[in-house]
Amino acid sequence: MTGISSAAPWIPLLILLPLMAGALSFLFGPRGHRSLLAATMTGIWFSLIRLILDFENAGLQHYPIGGWGAPLGIDLRADGLSLAMLGMTATVGSFISLYALGYFAGDENRGIRFWPLWWLLWGALNAVFLSADLFNLYVTLELLSLSAVGLVVLAGDRDSLAAGLRYLLAALAGSLAYLMGVALLYGAYGTLSLERMAGLFRPEPANTLAASLITVGLMLKTALFPLHFWLPPAHGSALAPVSALLSGLVIKASFYMLLRLWFEVFPSALTEVFTQGIGSLGAIAVFAGAWLAFHQEKLKMLIAWSTVTQVGYLFLTFPLAAASSTSAPAALSGGVYLAVSHAVAKAAVFLAAGAMLKVTDEDRIDRLEGVGRHLPISLFAFAMAGVSLMGLPPSGGFIAKWLLLNAALSSGQWWWAAVLVLGGLASAAYIFRVLRRCFLPPREYAAFHPVPLVMPLAALSLAGIALALGLAAAYPLRLLQTGAPLLLEASAPSTVAP
Amino acid sequence: MSAVYGPIRQIAAALAWILGIGLSAAIVALSRPDFGLAELVEAHLEESGVRHPVTAVLLNYRGYDTLLEIAVLLLAVLGILAFRPPGPASIPDAAPDSSPVLAALSRLIVPLIVLAAGYLLWAGAHRPGGAFQAGAVLAGGGVLLRLTGTIPSFESPNAWLRVSLVVGLGVFLAVAALPLFEGSRLLEYRTAEAAMVILVVESALTVSIAAILATAFIGAAPPRIRCMSPSRPAHSAEGERAGQS
Amino acid sequence: MTFDDWLPLLVVLSSLITGLLIFFVGEEQHRTRSWLNLIGAVAKLVLVGIMVWGVFQRHRYETRLPLLPDQDFVLRADAMGMLFVGLSSVLWLLTTIYAIGYLEGSPHRSRFFGFFSLCVTSTMGIALAGDLITFIIFYELLTLSTYPLVVHRGTADALRAGKVYLQYTMTGGALLLVGVVWLYEVVGSVEFTERGVLAGVSVVDYPDLLAIFAILVAGLGVKTALVPLHGWLPVAMVAPAPVSALLHAVAVVKAGAFGIVRIAYDVYGVEFAARLGVLDPLSWVAGITIVYGSVRALTQDDLKRRLAYSTVSQVSYIVLGIGILGPLATIGGVVHLVHQGLMKITLFFCAGDLAETLGIHKISEMNGVGRRMPWSMVAFTVAALGMIGVPPVAGFVTKWYLGLGAIAAKDYWALAVLAVSTALNAAYFLPVLRRIWFLPASGEWPKRERDQLETRPTLLVPTLITALLSLAAGLFAGSWFSPLGWAKLVTAREYVS
Amino acid sequence: MHVTVPTGTLGGGRKSGTVMIGGGLIYAMAGVVLFALGFYGFIVHAHLVRRLIAFNIMGSGVFLVLVGLPQRVAGTPPDRVSEALVLTGIVVAVSATAFGLALVRRLYDLTGETRLPNDPRPEP
């Protein structure tokens, strides 16, 4: 395995800082949480940038915690994929934090409960993306799920409570399936380190069972059809900033683990049946999700269902990447880039919708006539982010679709190309269903509460980034492909499906 | 309803059987590791700072897991506090059972509980025991005192409670981060300091674990939920919806 | 990076920045908005002027930015692109002036002019795109930025039209995307090059390239309004007049036609395309569209709808020029990019004048309007005669070269198509002219005093200018700076001589 | 409360010759059974407390497998790592259960229901 064993503090700081912030914000409540936010965000960005620089110089970064090193200790590790995910988290997280400052301005009571949970969730995400240990990944996943559920029930009404419980049960079941798989693998190979496991893993039936348990558990957490039932209520009933980070970031963690495990640890177990099957589930999710999104009455439920479709897209990565060694790099870059652009765009959409809801108290789509006159910025952000969700240029979503289409056609799998293209049209249908209402002559709203400017601006900035990802894709993609064991592994013939 | 449901039951049963049989077959067929961590654990026990191997794994080799795990524990309480209805408790907090016998007994038993917890904590270094056991026992004492009404319920945790809830995570984070300042790695203790460091961490953890478990018990039940009249749910639900926007 | 490397980007940005600024201009600050618009348009005109002169000197302007690790975002100024860029930047200025007058007192003007500028931006990008991925980026951006203009009025009709418009154009865009990705898979990264990149490609990928060409043309054919993909065009007539003018004279239909030109000449290359045998089917489709559009135009009483069907027919002259092998036909097709633009925008301007000043929307209401609005109607007459192909108006030049090309290529059926469509053009324009000039006024129109103009100067002036331009394009066709001159230049660079 | 697994062998203490089945295997098998049972309960029950209990049964099953498998061969020394993992797992499960129970209780307070809304499953 290439790369260096790093002693630089950047990797652990990315995990310690948010956890520390969580403890402090709980300890001190509302007092000085702005300065805490400023300090922690600065720290995280500084560490991340330093880490990226180290990575560019030295490639893959290993960090043996406590100096023990795997297999006795736990290793942290940063490759291109981890960095992409960390960057995504930092970007989306920063703007959601700013948005939350405005969102909870009038609601101290929820604000003081939001921040500790959100900081721990941020820490959990960074921990997932940096961990190189199967059991440690389980702990980070639990940290993630519990903080996510805590944020869902923050709304406190019966809907969000029920949704939160549904989410909690699904997440717990998923974790146990994952842990059972890990238990089997540990029993078979006596190690928990990803890299050692990658070297040892053989696709014998027992190990394949373990891998499939792990996969099902993570599919449940990623909400891939038919295991998506928990997502729409949870993402639809939560508070706007929470929905944004659930749809944008949380589901990406388990998807990241699936990519990591299948294309680094279990590639030898990749079979045509599995990849085509999981791709078909994705395809169903794309169309069924779009259909349901189109028929929602409430704006946030529409967006939540749109997340189900986008998750479906993500899983097209598997058949495209496993099909041939030539299509693998394009497919994996495309899949990851889709995850990143969806995070940014979907967060922007939820934040914009949240602003509209807070201002007008209207959750029904057919009552949004001319909302643009009251909230031009939010509406504009919604539209811009919508472009990325439809996969139209110039946007990150388009670049991702371009790469995935390339992979599909270069591996001769035209049916996935069809899904990609038709799915884009389906998404356009439900997004324009919202946008077209805004050209109707404006109506007067019963309630009208002005919101702090930071809210629409945060949404707009994220939407702008979603579009910028479509014009400045060269650098992130190059970063993704340098020294990434995953992509290198995938482009080796070993992963060609039998 | 049941018509829809019927199949689910059979499918669940079938899946359970498949799962059970498949897994049993798997653990029999599973290849055996040509290497185990046991030797490694023993080999580095000297440097680990404790004599009990499990404690060594928990707080040194894989201390990072434990660090995240204490965060998970804290999350349970944060989550519970997240959906507690705002505003002061509607019903004055009455002790469920204030019989003098119970009160006297609890006053006698609590010191013993604390003593036992202290022993467990100290014992953890060389034999079964440690922060979690000690914390759990202490939490038991807390629950007892709550049930006898000796300690009141709370609306939102006061400063002292907050401190005891996060001290475990806080101290552990600080200890974990300290080596970074002298250029060594996260959670990398010098052998000499290890024992002391681990004791500090364990003590802080004990306090927090006790506080967290007890708070989870007390905090989950705001006083006003205690009695449950049929009319109540609807009414309180109304209040709830009004309460949140 | 020198100025030459940035010039193409600047040309695009000049309208993009204008548009973005306008979005943030308050609804009521009309003065500021108008100034921004005009400054932007003039700035673009200047930049384009520099670029045109440079390209004429075979000077090379190219902006190249990394888009993907193995793929650049390329904006390049070549003779072909200049034709489209020049047309758009001139007409943008005129249409802006026209729209400022036309929309006086109507709501959502910031939104309108913002998207209007984005629309022009995408047109510029399409014209300057140096490869297919860059082309697609702006092609789809055009779809998105024209939608708000189509539904601008916010009426039920407008929303329905917008829906139809999206259904057509987005499907087309999707097809185009598939075709382009497939092409990249077959021949690797494709950049537009004069005489075509595929000229050297062996015939191994023959069937693929055939299918790809079909997909690409189908995708582009939607915006070009090739029959049967033309359905959106007449429906989109609900948009305000300046939008119809821009959509149908410059931006959308021309983007499609221009795309087909690029594919045929700069990707496949005419010789290779001819070897593939894709040119004849293309010209047949064009021929059918020409006749069909004219026939449908005959029966329309709504003025703008008649003009729309006339557009369907006229734009296919460009495609026909591509389809017929040989430099003469190419000249005829390419030059029609400009000629049709000038004449058609004049006609739409006049339609707008009538609607704004006298509330006339139907042809049956136009009796004797020539006496009420002589200047506008003179402009209308010039453009209409041009459409029919009466010398010396620009339209004649087009048909002349197409005819010569058809003869040279021995495609006599194409000659017949030209004849039929000319007859039909006459059949649906001459009666209108007769109503205008020779029938007694019927409608009750607002009176006008002696010293007052027939309509607002902001509406009248652009109309007259475009009419004059379409006349001049015909009169001075011989000079190098005329559209014809450029078309000859382009053709000279596209054919191996 | 450390889980200390006896490593005595079923088939006599002979280290030489064929590999003896270790006691661990029994624990692992028991774990599998618990996991399957818990899974069944988790699916078929609508009552939220029952489902949380089922989750805990599944969890115990996983922990038994985790601690049992490494010692399924006679004479292997106790695997302290897996024991520590189980401890961590238990604490995580405890936290999740506490949170879940509190949620159930609050939901009951709001709706008077002990099951999720529109849940097709009847009470057994």
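Note that the chains take the letters A, B, C and D in the order they are written out, and that residue 1 is the start of every chain.
The definition used in the following text is that contacts are C-beta pairs under 8 Å (C-beta built on N, C-alpha and C of every residue); 3 or more make two chains touch, one makes a residue touch a chain.
All values derive from a computational prediction rather than experimental measurement.
Setting chain B aside and leaving every other chain in place, the chains that still touch stay joined as one piece.
Distance from each chain's C-alpha mean to the overall C-alpha mean is smallest for A. The mean-CA centres of chain B and chain C are about 71 angstrom from one another, to the nearest whole unit.
In whole angstrom, the spacing between the mean C-alpha positions of chain B and chain D is 17.
The distance from the centre of chain A to the centre of chain B, each centre being the mean of the chain's C-alpha atoms, comes to 29 Å. If you average the Cα atoms of chain A and of chain C, the two centres end up 43 Å apart.
Multi-chain contact residues of chain A (touching two or more other chains): 135, 139, 142, 146, 149-150, 153, 157-158, 161, 164, 180, 184, 187, 190.
Among the residues of chain D, those in touch with two or more other chains are 28, 35, 65, 69-70, 72, 85, 88, 92, 95-96, 99, 103, 106, 110-111. Residue positions of chain C touching 2 or more other chains: there are none. By the definition of touch given earlier, these chain pairs are in contact: A-B, A-C, A-D, B-D.
By the touch criterion stated above, chain A contacts chain B in their complex at residues 7, 9, 12-13, 16, 19-20, 22-23, 26-27, 29, 63-68, 71-74, 109, 113, 116-117, 120, 123-124, 127, 135-136, 139-140, 142-143, 146-147, 149-151, 153-158, 160-161, 164, 180, 184, 187-191, 202, 204-207, 209-210.
Those residues of chain B that touch chain D in the shared complex are 1-2, 4-5, 8-9, 12-13, 15-17, 19-20, 23-24, 27-28, 30, 32-33, 36-39, 41-42, 53-54, 56-58, 61-62, 65-66, 69, 72-73, 75-76, 79-80, 83-84, 128-129, 132-133, 136, 213, 216-217, 219-221, 225, 228, 230, 232-234, 236-237, 240.
Of all residues in chain D, only 28, 35, 42, 48, 51, 55, 58-59, 61-62, 65-66, 69-70, 72, 82, 85, 88-89, 92, 95-96, 99-100, 103-104, 106-107, 110-111, 116-117 touch chain A in the complex they form.
The touching residues of chain C, counted against chain A in their complex, run 23, 65-69, 73, 111, 133, 136-137, 140-141, 143-144, 147-148, 151-152, 154, 158-159, 162-163, 166, 170-171, 173-174, 177-178, 181-182, 184-185. Contact residues on chain D toward chain B in their complex (touch as defined above): 1-2, 4, 25, 28-29, 32-33, 35-37, 39-40, 43-44, 65, 69-70, 72-73, 76-81, 83-85, 87-88, 91-92, 94-96, 98-99, 101-103, 105-106, 108-112, 120-122.
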